[in-house]
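Just below is one structure, and these are the notes that go with it.
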Amino acid sequence: MNMLTEAAVEKALDHKMSNVPYKMIGKDVSVYYGEKRALFDVNLNIRENTVTALIGPSGCGKSTFLRSLNRMNDTIDGCRVTGKITLDTDDIYDPDIDVVELRARVGMVFQKPNPFPKTIYENVSYGPRIHGLAKSKADLDQIVETSLQRAGLWNEVKDRVHESGTGLSGGQQQRLCIARAVAVSPEVILMDEPCSALDPIATAKVEELIHELRENYTIVIVTHSMQQAARVSQRTAMFHLGNLVEENDTDKMFTNPDDPRTQDYIMGRFG
Amino acid sequence: MNMLTEAAVEKALDHKMSNVPYKMIGKDVSVYYGEKRALFDVNLNIRENTVTALIGPSGCGKSTFLRSLNRMNDTIDGCRVTGKITLDTDDIYDPDIDVVELRARVGMVFQKPNPFPKTIYENVSYGPRIHGLAKSKADLDQIVETSLQRAGLWNEVKDRVHESGTGLSGGQQQRLCIARAVAVSPEVILMDEPCSALDPIATAKVEELIHELRENYTIVIVTHSMQQAARVSQRTAMFHLGNLVEENDTDKMFTNPDDPRTQDYIMGRFG
Amino acid sequence: MSTSIILLCLVVIGAAAYLVARSRATALAGGRSSALHSRPAYYGAYAAIWAVLPALIVLCVWLSVSPGIIQSSVRSAFPADVKAQASVEQDLGYSMVATVARGLTMLTSDEAAAVANDPAALQAKLLEKGVPLAGQPQPYMVDAAKTLNAKSMTSRLAMTAIVFILAVSGAFYALRSIAPRFRARNRVERVMLWGLLLASSIAILTTIGIVLSMLSEAARFFAVVPAADFFFGTVWDPRFAGAGSSSFGQFGLIPLLLGTVYIGLVAMLVAVPVGLFAAIYMAEYASPKVRGVAKPLLEVLAGIPTIVYGFFALVTVGPFLRDFSAQISGLLSGSYSNFIQAQSVLTAGIVMGIMLIPYVSSLSDDIITAVPRALRDGSLGLGATRSETIKKVVLPAALPGIVGALLMTASRAIGETMIVVLAAGVAARIQINPFEPMTTVTVKIVNQLTGDLEFTSPQTLVAFALGITLFCITLCLNIYALYIVRKYREQYE
Amino acid sequence: AVARDQIQVAGSSTVLPYAKIVAESFGETFTNFKTPVVESGGTGAGLKEFCKGVGEDTIDIANASRPINKNEAEACKAAGVTDIQEVKIGYDGIVFATDASNPDVAYVPADIYKALAAQVVVDGKLVANPYKKWSEVNPKLPAVDIAAYIPGEKHGTREVFEQNVLAAGCKASGAIDVIAKEISDKAAQGKACVAVRKDGVAVDIDGDYPETLARIAANKTGVGVFGLSFYENNADKLKVASVNGIVPSTETIANGTYPVSRPLFFYVKKAHLGAVPGLKEYVNFFVSDQMIGPDGPLVEYGLVAAPDAEREAIRKDVEAGKSM
Amino acid sequence: MTDIVSPASVTVSKAPPRRDIGIKRRYAAERRFQAYGIAAITFGLVFLFILLWTVIGKGYTAFQQTAITLPIEFSEKTIDPNNKRATDPSVLIAANYPVLLRDAIVKQLNINAASRPDVRDASAMLSKSAPIQLRDMVMSDPSIIGKTVNVTVLADANVDSANKGQIDLSVDEKNRKVNDKQVGWMNELKASGALHKQFNTGLFVNGNSSRPEAAGLGVALIGSLYLMLIVLVLSLPIGVAASIYLEEFAPKNKLTDLIEVNINNLAAVPSIVYGLLGLSVFINFIGLPRSASLVGGLVLTLMTLPTIIIATRAALRAVPPSIRAAALGLGASKMQMVFHHVLPLAMPGILTGTIIGLAHALGETAPLLLIGMVAFVANAPTTPLDPSTALPVQVYMWANEAERAFVERTSGAIIVLLLFLIVMNMGAILLRRRFERRW
């Protein structure tokens, strides 16, 4: 049923996945919410300029792992991370590391669309502005426009970039959030089910965007859709009950997984 | 790529869709948000004990139409509905109609999970409680358990039904919302992308639930997943830019749609 | 029956109606509660409302109207020579009658008989019972007192009967109308809605009351002093108007208005940054423990009587600022002369600002806390620091609420008297130096109302004119603020 | 409303302490009656309530630190309060005092006039007051900055101060003649004589004497205007100034040698005498020598008792029910 | 799976060139920002501390009071010389109790009874309320007549002040309220243990008095209690109801805008104007009695309402719409939605408004001025219709008294007021903490 998209074609050309260097390395990562342990010694490495998909049943800890990659877990009271995660060569949980810089390098798109109650323009320009990425107003306009275009939203909102972002429909809001994250041009982009609120056309646009971005960025995406994972990712990691069950090349994962649980999950039901 | 689920088999046995009586009739329904018109004279009837899927690109007015079916639009300032919508024989926009009763008969699950900041138990038992559906505490416990089971959440939360519903993961929260809606046992259930935040297993559970419910209930579901629409619905309606493009048996819709736009939408991309 | 017993009975009847109606509804439903339109409790409430509300209204009306009616009928039976007196004297006579009547109910019949024809003995007897009389009651008064007692008794009996009949028939009416499809909930909620409406109408009534209670006196002021002199006058110098002197001075509003604005501004300059930063810190940075302690502590500042602040300004802050300024000017120029007066706009502003801190901090803290976490996450996820998140996302989202809090704070600053009196003095002057004394409209309202001034003179009446004017000015400011808030409001979900 | 069994008094805060003492003793002596309620709030406000009308829901007595004036009496009459009895209870002495650490001071009204008037005569011409130090006014006075804390315009004391000190000083210093030359209008002349400078040297105090005391504590060289009773209670902190060489005391004020004092009054609604229990007794009790006599508690507190004959006359008037 | 983790293949990406995103500057801003926050809180707390320090420092002595224990001979000759008390109880009321006290202190100090000034000075050391105390003793138990009993009576306020060191004894004798002889006697009595300090119960139970040593806050406490009860019972439900109506039910139109502006405006009305309103509406129009705490409560209610309404509306507005939608979608009526979900979530804000509103109302004097509550009231009120005062009124009135002993009592009264405030707010604060949550 999959049509062979451009992305899929290119992915088929990726032979030497295992030679790609690691952008982020997670070693024995465990996460606790207060007393409750949500992740158990996860060892998962993220390859550079690669799309890594995290799959697994609801509540298995995908979001939790994702959030620990840019220390968004810091903001949750009582959340504790053990183990070691590195970005390039920096230990991101090192007290010396700067979480702001980290998050500027590792951007994030959330599960629930959360546009700021500001205009569309302000939403997108927010990141560049705080990081001082634009030199001039024209520069900023340019960034906003490109980002919105990349998120496939430009045509719909170009006439009303100065209206409130919360007045958009659910799908539009999520694309706005993607545009907002992209506008900062991070090295790694974490996406927590970015398409769950999007219709197929918008989804395809985002997937295309992901594909485009992959050339320069490292992307980690949580998704519930096996097809989406298959379409966009080169590597897939499967979580279950807080454990990393398997991590593999996406092709292998969806055709011949090592772990029987993966097999069950992928073959037993489909998205 | 679709596996033939039980639901799909049964659906295949539904021959005489066109003979099923209408549960809800929408005639010339237009919706305005202030000055902005979001729906243009939509004529769409909902058949009894049938799953009707609403599809269409983001922002086309699916949610808007859905919300007008149980007058949730009333709660938006400046939102105005014209035309006529009936439930059984009652005009639901008749001033005499009791919207509370209407909403108890036409339940709703929202796009973004919105559990009450109360315990899981209180979340689910709230509806039955205000509608007096349980005679005793045991009764209520029973309803809560069944509802959570139907939403495929029981096993995950049975030990912590008295903890806060907002502490659940995104997917769990959405299933909680479904359980909450189901607990009231409405006649019609409106679902606005109920699975957009769910993983395949949970999605399958919900789809199964939808299938189960269909025997006694009428269901309208907004979805971005063509597969989901194809799997769960008997009728499908396609919206575009606020217009109803086409409404048809799902089989026909996905194989041989009447309208070229539907064709484009369905065949041009996939979910 | 005493009113409280009647009320108690009403409660009982209401409760009974509630229970009966509820069980009747349950019975009607035959166990299937879905057959009912509303929950049984709503049927109960419906019946209870019918049982209690009409009866209660009648009771209140009766209680407030009947004494007047009884009084006039008793007075109509006064002897002709008494009736010939001025009505105020009759009023006083009647109050004596009422006292005697009250006393008579305390006497046993024997005692009553013993003193029946002897007013002096009656007075002594009543005094013994703890009902002192101002003088000897006249014979007609005793008769009138007896009539009064009789009539009150009849009235009370009638009232009790009617109230009970109303309550019971109301309950029955409600019970009869119970049917499965009967929309009890909607009815009950309609009553509740009326209740809510009534509550919000109190604000309107208060306004009307305030305006009315000042209007006629303000009009009398403007009859004497030309409005233009008042509104555009730049000198405030009302001469003392006690006995003798009939001349009065100038009533220029402008210096007072400027003082109000100036002092309020300084106060806000202290309260808003401090309050907002405190709120932000408590909401965003502080641990729950720190917040749990700091917030109530700061709230204590709002509860300290303003006279305490006033003396604090007078005794501590004012002299401190004065000496401090002397030190500074000494260091700078060598001459130790203070450039800050002990009483000054600055002193009043600072001290008032301190009082206002909790108005800003506590309210804003609640509002900031209520901003959904998703918005914060969105910003933090983009690499914003916490302060950037707060400044650029959280505060704008919380803005409408914060503006509301600030408006209230400003309002409180305008309405404060005691601090200004003691910290900035009462001298009405036009000047721009914050180190000099000035005074406010409110101070003058209070002072003109509570002085030894002649109450019919413009010196006193000007208080009402000031009140109305201040009211109108703040109204305009509020309208403008509402407009601004509407314009910049950011609604989150 | 229920018949009232408690006397209600309102009015001047100067009279309040005396009325309080009387009310308290009254409650203790006449155990049948409740202790009267004595409101403070100023003579104007008290008289306003007093003149609201006759009846249960109006007050019985208004305390006043000045006599009721014509307009007020008319307003009273219009509201039906026609029968008012005026009762003088004694005199309030008004004194000038500085912090106790200062040397003794003696003023004559002319000094005070020159120090505090808005305009003074310099070289035969009216000019805005140029004086900054007391010694400039009168070389015999100390060379400290002039700073005076005088009653605000809401106080009755202010009028007394203006009449007995400023106007007198105006006349004594001869300024009145210059003013009369420059201003023809008679009323305006009077006004010019008593106008107080507004450059911050003379500070109006609208609060009570404790505020003045606090201001003097903060500015030790300042001069404040106090009631005699307040001064006597704080004699350890204050130093009183003599005026015209006379040191204020109950004696000098009673015999009239000290120039600055004023009578205190209360007004009774005669219609209430027969209606409010205890009112008659209260009035009689108030004017008895036990209270306002030279050995009474009021004098001990600081009231200047009226001379014997005057007190006798007051009592007689009360007995006779003489109304205004 | 193993091939991935095998160390041989682990090559770590090279970090791209760092962008300059102004980290240093931004962190400095962050630290500054936090420092502002801490500074703000510290600023507030420091001033609170200074205020409390000055108040408590001045006022704590008010909770102790000097008393003198004297053997008093209740001689029948003085109290009831003609032995008529059986037939005419009023002789006991009119009896000359001061003489009993005078005799007792003269005897205690061994003063020559013939020296009038000495006797007067000695008697002046006892409170003027002591005779009333003796009278009450005799009235309640006439059999005491003829006996000699040790009675502890209050010392005069000046003695009290001197005993606490508040009167500068170095000042010239003429200029202070206690003379050297009295100081000598004081020391003598202190040495013998007759003069001692005790806890000042009277401060909490007595009504107001013109004698500082006997003046208490009893009436004011009851009055404030009534006031606060009335304000709480009326303003909280009415304020919340009004806010609910305006925020959740009222159609959004010009009229509701007007009401909103109007309510904001009411917050700016000087409190004394509410006094004017109360005077003309509750006293003159409705005919409620003057000086009654009921009227005061109503006036303060009107004054507090805007505060509560504004806070409540802000809190209601802060509840996310999705919660409302969820409730409505389940078939809850709007009423149910409000009362089951929105209101509990808005509770912290509502309680804050209540706390601040009540705190304001508790400390307010000006509106009470015109309705007769700023008054001398000696008898404790039994109902809210009786004349009474309030704590801030007592503070205000005592602050204006001339006697030295009222200075510490003023501060004492403020301390009591603050305790009252804290006790009153405690409940609300605990409740608020329970309702607070983040989502």
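Lettered A, B, C, D and E in written order, each chain numbered from 1.
One rule holds for everything that comes next: contacts are C-beta pairs under 8 Å (C-beta built on N, C-alpha and C of every residue); 3 or more make two chains touch, one makes a residue touch a chain.
A quick map from chain label to UniProt name: A, B = Phosphate ABC transporter ATP-binding protein; C = Phosphate transport system permease protein; E = Phosphate transport system permease protein PstA.
As the structure is a computational prediction, the values presented were derived from the model and not from experiment.
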(message) Along the graph of touching chains, what's the shortest path length in steps from subunit A to subunit D?
(response) 2
(request) Please give the intersection of the contact partners of subunit A with those of subunit E. (result) B, C
(message) Let me spell it out: compute each chain's centre from its C-alpha atoms, then which one is farthest from subunit C's centre?
(response) A
(request) When you average C-alpha coordinates per chain, which one falls nearest the overall C-alpha average? Tell me, please. (result) C
(request) Among all other chains, pick the one whose mean CA position is farthest from the mean CA position of subunit B. (result) D
(message) Suppose each chain is reduced to the average of its Cα coordinates; what separation in Å results between subunit B and subunit E?
(response) 59
(request) Can you check how far apart subunit C and subunit E are, centre to centre, with Cα atoms defining each centre and the answer in Å? (result) 19
(request) Between subunit A and subunit B, tell me the centre distance in angstrom, where each centre is the average of that chain's C-alpha atoms. (result) 29
(message) Measuring centre to centre with CA averages, how many angstrom lie between subunit A and subunit C?
(response) 56
(request) Hunt down the residues of subunit A that sit against at least two other chains at once, touch-wise. (result) 100-101, 104, 112, 130-131
(message) Two-or-more-chain contact residues of subunit C, please, as numbers and ranges.
(response) 185-186, 311, 372-373, 383, 385, 388, 449-450, 492-493
(request) Would you please write down the residue numbers of subunit E that are in contact with two or more other chains? (result) 21, 26-27, 320, 322, 333, 369-370, 399, 439
(request) State which pairs of chains touch, listing all of them. (result) A-B, A-C, A-E, B-C, B-E, C-D, C-E, D-E
(request) Write out the stretch or stretches of subunit A touching subunit C in their complex. (result) 70, 72, 75, 100-105, 107-110, 112, 114-118, 126-127, 130-131, 164, 166, 177, 180-181, 184, 186
(message) Touching residues of subunit E toward subunit B in the complex: what are they?
(response) 252, 320, 322-333, 336, 340-341, 345, 437, 439
(request) Write out the stretch or stretches of subunit E touching subunit D in their complex. (result) 93, 128, 132, 167-168, 171, 174-177, 207-211, 283-284, 287-291, 369-370, 372, 374-379, 385, 387, 397, 399-404
(message) Give the list of subunit C residues in touch with subunit E in this complex.
(response) 185-186, 189, 192-193, 195-200, 202-204, 206-207, 209-210, 212-214, 273-278, 280-282, 285-286, 292, 294-309, 311-312, 316, 354, 357-359, 361-363, 365-367, 369-373, 383, 385-388, 390-391, 398, 400-401, 404-405, 407-408, 410-412, 414-415, 417-418, 441-442, 445-446, 449-450, 464, 467, 470-471, 474-475, 477-479, 481-482, 492-493
(request) Under the touch definition given earlier, write down the residues of subunit D that touch subunit E in their complex. (result) 1-2, 4, 6, 8, 10, 13, 16-17, 19-21, 23-24, 27-28, 31, 34-35, 37-41, 45, 49, 52, 57, 59, 100, 207-210, 227, 229-230, 232-236, 297, 301-302
